[in-house]
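The same subunit A turns up in both complexes below, where it pairs with subunit B and then with subunit C.
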Partner chain A sequence: MNPTIAMITFRAMLGRKRALLLLGLPLLLLVLSVILRATGNNDLDLSAHVLQNFGLATLLPLLALIAGTGVIAPEIDDGQIMYVLTKPIPREVIVVTKLVVAIVLVTIFAVVPTLLAGLVLVGTTAQVTPAFTIGILVGGITYSAVFVALGVLSRNAVTIGLLYALVWETLLGSFAPGAKSASVQQWSLSVADALTDASMVTSTVGLPVAVTLLVVVALAATFLATFRLRSLPVASAE
Partner chain B sequence: MTERSESGGAGGRPPAENMSSELVLENVSRWYGNVVAVNGVSMKVGPGVTGLLGPNGAGKSTLIHMMGGFLAPSSGTVTLDGTPIWQNPGAYRKLGLVPERESAYDFLTGEQFILAMAKLHKLPDPAAAARRAIGLVEMDYAAGRPIGNYSKGMKQRIKMASALVHDPPVLLLDEPFNGMDPRQRLQLMDLIRRMAEEGRTILFSSHILEEVERLASHIEVIVAGRHAASGDFRKIRRLMTDRPHVFLVRSSDDRRLAAAVIADGSARSVQLTDKGLQVEAVDFQRFTWLLPRVSRDADVRLWEVSPSDESLESVFSYLVAR
Partner chain C sequence: MSTSTIHDIGYRHYDGPRSGRAYVLRSLYVHNLRAAFGLGRPARAKIMPFLLAAIMLLPAAGSVAVFAFTDQEDALIPYASYANIMQVIVAIFLATQAPVLASREVRFHVIPLYFSRPVGHLDFVLAKSAALATALFALMAVPVTLLYVGGLVAKAPDPGKQVLEYLGGLVGCVLFALVLAAIGMVIAAFTPRRGFGVAAVIAVYMLSTTIVGIVQGIAEERTNFTLQGWAGLGAPFNLVDIVQVRLLGAESSSVGIAPGVTGGVVALALCVAIVLGSIAVLYRRFRKAGLS
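The block that comes next holds the complex of A and B.
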């Protein structure tokens, strides 16, 4: 963890318009929750549905995608990464710092809003709110690691990430049960499932497998990103 | 190859012992798929200013990227004082790099940027190092402004400060004068000379002979990825003027002039084209002196005499083919 790299990354992420982009979705979730509660539509079923489909399946992957790729990909594209790479800093420190910044951003813009939305909707009934908060937090860590790695590995990180989140996890998951099990979303849901008594929250993946995969994928992605950053080809002007 | 002229160029006085560092390239090649960008280049870059001269696309940036540890040589080695640079972040304690691309962190002020760079180097007193580096490039007056609002010359100088903040013995600059106005150019040349006088090893790339000639005590010429020539600027100049020159000559009677030029023997070949006579002169000086006499004697009026291959590319291709 390098505080200077973290400072520069936070400023790049939160400066200018990108902060608004990060704020849009969580605000929408909160507004929706307030409206549902005000109109009396906040029974347990519907609330869990909102937290799962809006919070865990939409807000989380999109925010993690913006944060995870945003902390490193634009810097590589614009060549500013040179200023960090030309320092006697081990590459894993750079990757871990970027990852920590991404996780902090996901916490601020996805985990906390979900917690607030849950509290507005159902309070702590049946542990639904804490379950989803923790599910989204652990999922956010793995998503961030995957998207940071993607940002280092590919110049089309955002596109690939979107295809993964939308096509693989959401669309393909509803047709092919196999694909459904190989998704960060299902693993996070499995964690939430284990923490709540609400019967409508179910995952296709068992808890031990889900936790193992969350950890293994996060570590593998971080190693891959570090390895790649060691020999990052810099686009030549010629 | 490492011989340096004592008086020529701007290398200045001998380097201080503690500063002197040497970059060594041994048979370095780099290819992208089937395209060879750099082909078997060997050179030693020592203290003083070395100019890396070559036309655009010759492979200068690829070479600098390899010297800066940003690109693995496909074959051969690049070492700094005996240690390979590739995948060795520790080498950056001794190395400062000024990339060609303009972008710095535009949202930071000059001062914040340089201070951040000093901290990334883990210098004992980053604030003092940042102040010193900003002072060196004379950017104190604008240090409080965001880099995004800087002019091109100011950006170049703040990038220079970022490369100097840890006082490295080796400095690599990729096309540092691109897009600078004449005043900024002079200021930067001055700064580079001062840095070299302190015993630093400085290498900069350029495609403009005059720039290199004014600043570098030693010149390495790269053409089409190959190491074409090496020496001080007098040697490079001589290589360039001693080669056969091709002139395009238009006159009142091209045929008669062709016969006269051939008979005189100062040209190797003469070709009649629809644009005029294409003459390949053996001796540049002799030919330019003789041509008016020959044409006068032959009673031919000269309308135009122009060198037809003065582009840097053609000059350099001659050096490569040599």
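The block that comes next holds the complex of A and C.
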């Protein structure tokens, strides 16, 4: 961890109007939860459905994508990363710092709002709310690691991330069960599944496999990003 | 003794023919249309648009192939529902290419350079929006045309009906392209930071679709199909699909369709409002962009 890099990254991510964009997404989830509660549409099944479809399947990948690629990709693109790389700071420290910033952002803007939305909708009935909070937190860590690595590896990081999150996890997932099992979304759902009694929440992946894969993928992505940052080809901004 | 010679260093005014407004408009349009597919830019910029266009073609090609071998008519995807079925890919294309057209010049503060030449503010906005709409139309219409031609070659029954449905599908594609381009351009014009424009466009698409989906799910459970239909107005693809179903006589491919011709007219009015509103907002945005 390098506090200076962390501070600069936070400022780049939250400066000016960008914090509003990041804040707008979770705010919609909260507004939706309040409306659903006010209109009496907050039974357990529906609440679990909202938390899963909105929190886990939409908000989490979206914010992890924005935060994960946003902490590093723009700097690589416009060449600012050179000012960091030419300092005597180990590459792994840079990657880990960027990753921690991304995870903190995901926690603030996805995990905490899900917790609040869950509390608004069902309270702590059947442990649905804590289950989804923890599921989204672990999923957020892996997603962030993957998207930070993607940001270092490719100039088209955001598009590739979108193709993964939308096409692979959602579209292919509904046709091919194999693709469904190989997705961060299902692994975090598996964690949530293990923590709640609600029968609504089911995952296609077993808990031990899911946890192992979450950890392995997160570590592999971090190592890959570090390795790639060692010999980063510097191209001029387009 | 002559006066005023010391400053006259021989510059002359241009007195020749001027190409005019249409030329400006056409040049900007062509330039932006090429930019939407990464033409005239490095290979890196071409990968994504062409990859997405190729993905768009896959189901159409597969559908035609299946139809040619099995001769089952329902193997052919209906023309009007193609864009709706492939909406994720269309949305990703919009999200990646709208910032290319709307954000880059704002980000590098070069908009004033355009307006220091005889380029009208409105022309600039119209050319950009039209270019993105054309790119989106091409993205959706080419697979639909492939379906039609494939069906024709493989002798799909009732060619008269096919022509009508195909033309209806193309009108739908035009509407999809206009509405999506309008939404994408506005969002991208206000998020100049790299990567943020893409994220913002896709966020609007995903959140509207998810929220509408949840509301429609609840409405269906309570057998309130009227609310389910009207909720469809909130998601861009569902909105255009309502117009297609109610006014163009297409088969529904969305969860909820607003009832009756009224639903179609309201949806069409909303589409027009989105397009005109987007032009107005973009006009204001680009007029001031980069001057601060």
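Note that the second predicted complex is superposed on the first by the 235 of 238 C-alpha atoms of A that agree within 3 Å, B and C clash if a C-alpha of one lies under 4 Å from a C-alpha of the other, contacts with A are read in each partner's own complex, and residues count from 1 in each chain.
Simple rule for what comes next: a contact is a pair of C-beta atoms (placed from the backbone, for glycine too) under 8 Å apart; a residue touches a chain by one contact, two chains touch by 3 or more.
On a predicted model such as this, the values are computed, not experimentally measured, just so you know.
Aligning the shared subunit A places subunit B and subunit C next to each other free of steric conflict. Of the two partner chains, subunit B is the only one touched by A:K87; subunit C is not.
In the overlay built on the shared chain, the residue A:N2 is in contact with subunit B alone; subunit C does not reach it.
Judged by the touch definition given at the top, the superposed model places A:R230 against subunit B, while subunit C stays out of reach. Of the two partner chains placed by superposition, subunit B and subunit C are both touched by A:D78.
After overlaying the two complexes on the shared chain, residue contacts for A:N53 are found with subunit C alone; subunit B is out of touch.
Once you line the two complexes up on chain A, you'll see the smallest CA to CA distance from subunit B to subunit C is 10 Å. Within subunit A, the residues touched by subunit B in the first complex and by subunit C in the second are 78, 238. For subunit A in complex with subunit B, the residues that touch the partner chain are 2-5, 7-8, 11-12, 15-16, 78-80, 82-91, 230-234, 236-238. Residues of subunit C that touch subunit A in their complex: 41-42, 44-45, 47-48, 55, 88-89, 91-92, 95-96, 191, 193-196, 198-200, 202-203, 206-207, 210-211, 213-214, 217-218, 221. Taken together, the subunit A residues at the contact with subunit C in this complex read 18, 21, 25, 28, 32, 36, 41, 46, 49-50, 53-54, 57-58, 62, 65-66, 69-70, 73-74, 77-78, 155-159, 162-163, 166-167, 170-171, 238. Taken in their complex, subunit B has these residues touching subunit A: 37, 56-62, 65, 68-72, 87, 89-93, 95-97, 99-101, 103-105, 107-108, 116-117, 119-122, 162-163, 174.
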